[in-house]
Amino acid sequence: MEINGVQIDDTYAEAFPTWIARVIITAVTEEWAYRSAVEATGFATSAIGCPCEAGIEGFLSGDETPDGRPGVAVLFCTGKKKLKEQVVERLAECVLTAPTTAVFDGLPDAPEKIQVKLHFFGDGYEYQKEVGGRKCWVIPVMEGEYIGEEEFGIVKGVAGGNFFVMGENQMATLIGAQAAVDAISAVCGVITSFPGGIVAAGSKVKSNKYKFMPASTNEKYCPTLREKVPDSKVPAGIFAVYEIVIDGLDEDCVKEAMAEGIRAASLVPGVKFITAGNFGGTLGPYKFELHKIL
Amino acid sequence: MEINGVQIDDTYAEAFPTWIARVIITAVTEEWAYRSAVEATGFATSAIGCPCEAGIEGFLSGDETPDGRPGVAVLFCTGKKKLKEQVVERLAECVLTAPTTAVFDGLPDAPEKIQVKLHFFGDGYEYQKEVGGRKCWVIPVMEGEYIGEEEFGIVKGVAGGNFFVMGENQMATLIGAQAAVDAISAVCGVITSFPGGIVAAGSKVKSNKYKFMPASTNEKYCPTLREKVPDSKVPAGIFAVYEIVIDGLDEDCVKEAMAEGIRAASLVPGVKFITAGNFGGTLGPYKFELHKIL
Amino acid sequence: MEINGVQIDDTYAEAFPTWIARVIITAVTEEWAYRSAVEATGFATSAIGCPCEAGIEGFLSGDETPDGRPGVAVLFCTGKKKLKEQVVERLAECVLTAPTTAVFDGLPDAPEKIQVKLHFFGDGYEYQKEVGGRKCWVIPVMEGEYIGEEEFGIVKGVAGGNFFVMGENQMATLIGAQAAVDAISAVCGVITSFPGGIVAAGSKVKSNKYKFMPASTNEKYCPTLREKVPDSKVPAGIFAVYEIVIDGLDEDCVKEAMAEGIRAASLVPGVKFITAGNFGGTLGPYKFELHKIL
Amino acid sequence: MEINGVQIDDTYAEAFPTWIARVIITAVTEEWAYRSAVEATGFATSAIGCPCEAGIEGFLSGDETPDGRPGVAVLFCTGKKKLKEQVVERLAECVLTAPTTAVFDGLPDAPEKIQVKLHFFGDGYEYQKEVGGRKCWVIPVMEGEYIGEEEFGIVKGVAGGNFFVMGENQMATLIGAQAAVDAISAVCGVITSFPGGIVAAGSKVKSNKYKFMPASTNEKYCPTLREKVPDSKVPAGIFAVYEIVIDGLDEDCVKEAMAEGIRAASLVPGVKFITAGNFGGTLGPYKFELHKIL
């Protein structure tokens, strides 16, 4: 199968379940909501070494937020127990502390909830108030008052949706990956948690040589090792590979993100081949077949 | 004492020691170095609830980096043991994974060192190479090859340098704080680790009401509680307070940052009063007297 | 009438007709489309001293552009004859010259058209090609090939939709204006052509003192002249005024932009009063009554 | 000659004189100074079709500006007579109108001056005031008061310093050009006036086929015409060419910018060849020989 002259491998991306909270951060301007969201979702690329995976899902206008102010929707993804702990710490340290921010539950219809009790920070001076139909706590702080919901819906979503962009040299492939991330940023319900949305150094589980390593370089996808490892998966003429990893609220939005991202990458000159990563079904229950989703 | 019509309180900021690593992240363009640096220094506002404090110290041109590419210098600050763990995880997850990045030690003359052995990720395919006079490891990855130093100098620096910007309403005070952060960003050796560099919700140690809380709102500095708490430190006519917290490599650069920041804030209309936070000398050994540093 | 505690004056904004072209600029990434759009719409705040008014209407995903790449929609507004000249020069100098850009007509259904014949730049090496159903010219250039449509629909739209944000001090009023611009940026069909979308120095037609001036400061709206001029329109307690000027494809989108902008500004603490500018009906045929549109 | 494996052509860039004004725009924050500067320097890529060439030279901290606020230095370049007209219009429409801005002369030691009398806008309410040792006019405006110098030094500088980045495909060459622009942005006294600093479609004077065209595509540098035109200057294996054009206050800073830019481009993988443009000495008196400046 080819799209815009780029060959699409006949394979599938394998993904696995994750618990997700969706937090809406609002502020006096979009810029302040964004700054807080960037801090709150940092150090959150991969569950391998970060305490969670997190990222910005999208921007919201005042019409779409409970308090009528501009906002940013962020997703936090990890195991159920760790999710609560991470949302508490990240909201407490990176949003409550940020200028003019408020937080609201972005999944009010989810049946499962986590409690994020920041109001104890108020040391008894806090009080309750309804904002846009949401039960909030108001905490007196140095800038004035912080406002936030404390119950957040969580859903079982999808982690590890992915595809690999391969190209004739590094720079062309990088811009191909960037175009993919641009396109995915317009899709609702998903994040790409790596820096700039792109993985430059994909990993395999464990290491062949160093037994203490939980993960190591995916040598079969390393262009410089093409002639040195058996069964290299780097096609002839490919000199760089970038992976796009997608976490999303459900299978449909991950599918849409993969399709939009692949189409966008295929339009960048120098991109030659697109495939996806799987572990033969041993990793997780979700399969996204490239030829079907496109 | 007055600067540009703004009253400067006759008090001092109290600060305490921290261990600091300085990492230079380079990339093919400044933008990619910056994206990686933002991810690597996220979720790192305050040692209270984040695994470390971290931030961007500044941008470096190709003349200033070992590999001649544009770079970003970042500081990681925390206790000695945790520092190594955090630098390892943050470089492994947020820089090694980012497109085109390389890392170099930003404190090569420091006598104490930490080892950040990312090369095991190479699973035996890694090799050593000198870049700009630095001993580096080259790790084959999907985009090509990752290059990085693995020994980083660390120094005992200063955490918690601070001042409080107070103003006649919230928005004016916020822009005053932002002007301060702008000015501090031009000072070498320091970071402001909070979102956008600004603390909207400063804390006191522990809580009077909730014994399980390690920190709670600093009610004496809350404008809405001015009439409700005894000994409020909010002067009449003040309706918002923002704190700027500075971590730095030594006392001199923290002093310079405080002075530049205070001067900048004093130029913003609506800013009325500037003070600093201390705990009477019980918190740490460093004292920065506002009237002396200005 | 009050919105969020902010008084809305019972008056109307007066606006006048302008001819508008809508150009879609696409590029390999959103960022490159944006950079070109910024250059193409610069020096275009006000018809008084700039050759046209222009600005960015919004961002388009690959699904919304003829060539499937990310794009930026820009509006150029001025008299009919000048419009053609300005679109030719701005596309030739700021888009054709920019990396990876292509241009498409953003008003294909408009019955009136202007011809923007950039293909002569090809010096005979140019050729025609259909892209996404659009007749384009391909021009060999140094980076490869430039692609663009050359016929652009134009419509008679609305210039000078406006409202004035007034507040208790300069900084609060500025952020109020910025929140208004944020909100307007989400509305289709409109631009705010001034720097950052905000007018800090509104003008009246002609000058009382200097007969050679086509425009001069609108002294009735200057807070520092409140006690010095007769009939000042600055209410008591107001110390800053910013004007938001809106150009749009039709009356409906200008109305929507005004409503969204006013609502957003009213949420910013320190904003106290919102009014609009008119010349008693002598300037133009459009009237936007604040109380009706909200 | 080779740098980092990239061949540097043994040729020179030919440049010509231009008159330059350097304006320092300050504002309450760097961001507002920047927004105004972007608007004021837009539609100013090339003297061929724009009213002047202009761009941002660099950022200034409060220590470097007359009023102690953060600032942006911009250069305006064109013929002497047009320079005055353009500086007047661009400051009047894009800086005076922008929030919180002030302007100062960036070349106070230049013996030649232009008068930029914006104070007539004050309609008689304006007055004089000294700021940071500079004679300024204060004009009452809607946001409060605008402050600005009105006499600007001008110098005979250099326009058209240039080099061409050539590479193995379009994306790699584009990032090479971007790395060059990043490096040049750190050099004092120069601007790169094209969108993002890069020319994707370089021109030759006049047209062979269309006699009414003042300029047309430089077919000898078009990769797609390599086999079709006689004397193509595109080497084998080159599939994209970007030009960096530099205007500067004197020959030394243009040389430094060229050297820094070429070095930076040479570090980007896929960049293969760097040359420069000249017209055999018929265009202007300045020659920048690539092998000498490096």
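Chains: A, B, C and D, in written order; residue numbering restarts at 1 for each.
The rule we apply is simple: a contact is a pair of C-beta atoms (placed from the backbone, for glycine too) under 8 Å apart; a residue touches a chain by one contact, two chains touch by 3 or more.
Values in this document were obtained by computation on a predicted structure and should not be read as measured data.
*Asks:* Same or different: do the copies chain B and chain C touch each other through matching residue numbers, with over half of them shared?
*Replies:* same
*Asks:* Can you tell me which chain lies farthest from chain B, using the average of the Cα atoms as each chain's centre?
*Replies:* Measuring from the centre of chain B, the most distant chain centre belongs to C.
*Asks:* Find the geometric centre of each of chain B and chain D from their Cα atoms only, then give the gap between the two centres in Å, rounded to an integer.
*Replies:* Roughly 34 Å separates the two chain centres.
*Asks:* Just curious, how far off is chain C from chain B if you go by their C-alpha centres, in Å?
*Replies:* 39
*Asks:* Using Cα averages as centroids, what's the distance between chain A and chain B in whole Å?
*Replies:* Once rounded, the distance between the two centres reads 25 Å.
*Asks:* Pull out every residue in chain A that's touching 2 or more other chains.
*Replies:* Counting only residues that touch two or more other chains, chain A contributes 28, 144, 170-171, 174-175, 268-269.
*Asks:* Show which residues of chain C lie in contact with chain B when the two form their complex.
*Replies:* Touch list, chain C to chain B: 168-172, 174-176, 268-270.
*Asks:* Can you name the residues of chain B that touch chain D in the complex?
*Replies:* These residues of chain B touch chain D: 28-30, 61-63, 67-70, 144, 175, 178-179, 182-183, 186, 260, 263-264, 267-269.
*Asks:* In the complex, go through chain C and note every residue touching chain D.
*Replies:* 28, 32, 35-36, 38-46, 48-51, 89-90, 92-101, 120-125, 139-146, 164, 170-171, 173-174, 177, 194-196, 198-203, 207-210, 212-213, 215-219, 221-225, 228, 239-243
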